[in-house]
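Chain nomenclature is as follows: A, B, C and D, assigned in order of appearance, with residue numbering initiated at 1 for each chain independently.
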Amino acid sequence: MSKQTTNISWRDRLHEIIYEADTPAGKLFDVVLLIFILASILLVMLESVKTIDAKYHNILYYGEWTVTILFSIEYIARVITVRKPWKYIFSFYGIVDFLSTIPMYISFALAGSHALVALRALRLLRVFRILKLARYLGASNQLASAIKASRAKISVFLFAVLIAAVIFGTIMYLVEGAEHGFDNIPKSVYWCIVTLTTVGFGDIAPETALGQFIATIIMILGYGIIAVPTGIVSAEYTKASGDQKKKFSDEELEHQKSLQLNTQCCVNCLSETHQDGAEFCHKCGCKLHYD
Amino acid sequence: MSKQTTNISWRDRLHEIIYEADTPAGKLFDVVLLIFILASILLVMLESVKTIDAKYHNILYYGEWTVTILFSIEYIARVITVRKPWKYIFSFYGIVDFLSTIPMYISFALAGSHALVALRALRLLRVFRILKLARYLGASNQLASAIKASRAKISVFLFAVLIAAVIFGTIMYLVEGAEHGFDNIPKSVYWCIVTLTTVGFGDIAPETALGQFIATIIMILGYGIIAVPTGIVSAEYTKASGDQKKKFSDEELEHQKSLQLNTQCCVNCLSETHQDGAEFCHKCGCKLHYD
Amino acid sequence: MSKQTTNISWRDRLHEIIYEADTPAGKLFDVVLLIFILASILLVMLESVKTIDAKYHNILYYGEWTVTILFSIEYIARVITVRKPWKYIFSFYGIVDFLSTIPMYISFALAGSHALVALRALRLLRVFRILKLARYLGASNQLASAIKASRAKISVFLFAVLIAAVIFGTIMYLVEGAEHGFDNIPKSVYWCIVTLTTVGFGDIAPETALGQFIATIIMILGYGIIAVPTGIVSAEYTKASGDQKKKFSDEELEHQKSLQLNTQCCVNCLSETHQDGAEFCHKCGCKLHYD
Amino acid sequence: MSKQTTNISWRDRLHEIIYEADTPAGKLFDVVLLIFILASILLVMLESVKTIDAKYHNILYYGEWTVTILFSIEYIARVITVRKPWKYIFSFYGIVDFLSTIPMYISFALAGSHALVALRALRLLRVFRILKLARYLGASNQLASAIKASRAKISVFLFAVLIAAVIFGTIMYLVEGAEHGFDNIPKSVYWCIVTLTTVGFGDIAPETALGQFIATIIMILGYGIIAVPTGIVSAEYTKASGDQKKKFSDEELEHQKSLQLNTQCCVNCLSETHQDGAEFCHKCGCKLHYD
């Protein structure tokens, strides 16, 4: 039995290092992991630059294998230190961790799997977990509730933009035609969105007087309607700030803030947001600290 | 007389399926119609892509005829199931339904009527009715009243932008001249609007030092003045939200919401926005349900 | 004496037609003038299009002379129907009226005075007086006071943008150099403003990796800082609306609105904004109506 | 001892001229310095224009030496008139003054030090001190606190934009490939930021149908998310204005304003923001005026 206690304690100590950041070892782990993720993204980028790849192919290749092996070890460690591994494996970050580890193994099996580069770029999403960015953003809940409240309106708004793009795109296709770069309706709709969003690449541009006149209308439309989503988010955000002030007293806001800075993570159910002095998980009752 | 009752009941049942969405058949009809509209838009787009049209011309041609015949049947069904057909025919959606159905018939009579493609793109507007998007947008009336309140100001503002574009366009025509792409004043005004709205195609760009200096002023002007319409909509929207909160109690807002989700549509006068338990139309007194 | 009364009455009747819009003749005069101004702008534009000028040179030439003569008559009429002609001549609209009338006379005296086209484009400013746009805009005084309140901050802000453009422009000149289109610092600063304001012509674009990296920073800076002027105007406008609501009762707002729709214009001092039932000018005491 | 009094008085009188602007000599000094700074920036710019440099090389060269020597004298004067020279030398403006003076001396010692042009462009930052722009901007503290409050959120937001750019950039690299200008991932990410920020140079543009479709998504994303930072700054600024109104009475705001317009600068500790009638520095107790 003594052995099992040690075993639990060993897994729990590792859990504290990997999942939490309030011990020196836990903080060090996060910093090292952050450096490896950014390094691996740099590797992906440099590998695509032909002049660099030609010169340093071997370094990049071994670097990628080092990162892959380290990520594999980390993935296995994350799985074994959690009491309910399936909960981690099928969580959002669990899937991201898995997908960003496997590309190298697949490319070993299948030759020329070029598209795996995109999977490797997914590693960037892992930065969100380490920096707890999502939690930091949602902290005051103001921005989240502002976006939530304006989501429906902005969706309908963007849908209206798309319909305008299709109708104006069809008209431009008829007016300009293939000889001026408006080869077909999908391309013409693409041009229309480029114009409405004020991006304006200029790879395709109207050349007839009528086409330029219609383009003018599209541009002024695009310039004017950007005010609508901006106004909505701005107003909803103002409202959300005001509502929160009324609902929560200063003490409660202080309490919320402390929750968000606490990095405790339950070994059993992976739930976060624990209070500063908490000894047991508020979701499953499992003990949080094993000293 | 019994026959006529059956007849009315048959038309009313069809009316419920076509115009409303609270029976399983009504919902199925809406979903099927939505799929056909999107499919017909896809047909219009694919037909314009030469490589696809060359390969699958027949499939696209028969597809278009299938859609046209189905839309024709639907149009006739809409007309005969309404008590006052003219009211439907000359309503906004009635005209859209008609225009998006006829192109194929006209192209049958008149050869080479290329411009009818634009009419077929109008079919997208029908999506608005099915998804009841307009109603959904106007739901809270906040956005609608914000845009209504800022409409006059934004119009005058856009008019000022146009005058600035004409005056700056004339100056740029004098400064750059035809040798740098500013062929004439209308084209120069077009370039000016491209710049003021921060689209910036780059098909025409100033090349003299003076022209680039004036372009700088236009760009900073365009960058600065976008703040004005955005500020107006934002402030009006905040005000509209506040006003509505004061005017309506929570119960009334709840009531408004239920009105907007109800899909009942009177067989006699086509008015919508009925209360959830309503048995008779609140506009013409006509019975709503025939069970 | 009887003669002089008739004379005054004749001048005053003309004054009412030209300067005011509450008699049928006054309204007709405004509509006709509006049409002539827009027609004259159209003439300026069409004249610059070579293919049109080649074909219809004579029509455009005689059209321009017709407009010039009519504007001359109108200018003289405006001068003689006002009691203090110098007040009109040196007012903003008086100068605009004069400048938009003379170009044709000068071109008659001086051959090849190409630059006069710009003067002719100034005619568009006259539309502002006819539509009383400036007054309409400033009506609620909210937008005016919002822009006034944010003017200083936006100026300093734009100045900061300019300094950033000069410093980044110098850096880009050093990084990219003349071989990639960054010929000299002024051109590099021009490119920098094109990028900061998100216009992005693409006539000049960074080609080295370092240049593209710095361009990325400039673009994100430009994308981020547009939030500042927008936020300022939006907040000031919200404040201005709130302040006005507190300061003025509904009756006073109603009164202000009636002032702004009244088109009476004093024959003596040209002051506008008279009350609906006013018989005498509130500035100089001169009688307003001679029936 | 009498000599030392004269000496102090001489240094203090110079200090008043150089650092303050409430004597005629002080104002004149500021205006002259402003002219020299703008002239020196103009010199830097003109020197980079080859056609101008070829013609007026000598004038530009001697002009630069004149400016350098004058700035050197000013720098020495600033150092000796302050009681604690090190405090000035290592202050922000002290470093800017030093860096914008030395380039000419270095280029005298080291031949071909091209990069020093960037240092000379730093002179523009000195304008901020003369116009007291930073103080003017921060005056009401509203904008400052709005930006401070939204800084964290905007940072996380921009970080999310960067991650989106890397992931979409990788996808575009795979879809378009080197043959359409997407040579490698860093360049593809650069294009992605050009598109997300709605700059749209058009030096690189997607050419395949799939690439254009993904570009459409990126553009709509970029068009939609600009609403978020704008909404945040706008709402925070509204809140900051409201908070300040509550915190400070009108008298206190008046007092704050007078502080900000006062140009007194302590000879001992260089602290500014003194009250209008103050005789002694409120930070170190040193006498402010020596009449």
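The criterion applied here is as follows: contacts are C-beta pairs under 8 Å (C-beta built on N, C-alpha and C of every residue); 3 or more make two chains touch, one makes a residue touch a chain.
Please read these numbers as outputs of a predicted model, since none were measured by experiment.
In terms of the distance between Cα centroids, chain B is separated most widely from D. Residues touching across the chain A-chain D interface largely differ between the two copies, under half of the numbers being common to both.
Mean C-alpha positions place chain B and chain D at a centre distance of 47 Å. Spacing of chain A relative to chain B, judged by their CA centroids, is 33 angstrom. Within chain D, contacts with two or more other chains are made by residues 186, 198-202, 226, 230-232, 234, 238.
Interface residues of chain B facing chain A in the complex, by the touch rule stated above, are 41, 44-45, 48-50, 114-115, 117-118, 120-122, 124-125, 127-128, 133, 136-137, 143, 146-147, 154, 158, 161-162, 186-187, 190, 193-194, 196-203, 226, 229-230, 232-238, 241. Listing the residues of chain A that touch chain B in their complex gives 152-153, 156-157, 159-160, 163, 166-167, 170-171, 173-174, 178, 183-186, 188-189, 195, 198-202, 205, 207, 209, 212-213, 215-216, 219-220, 222-224, 226-228, 230-232, 234-235, 238-239. Of all the residues in chain C, the ones that touch chain A in their complex are 198-202, 230-231, 234.
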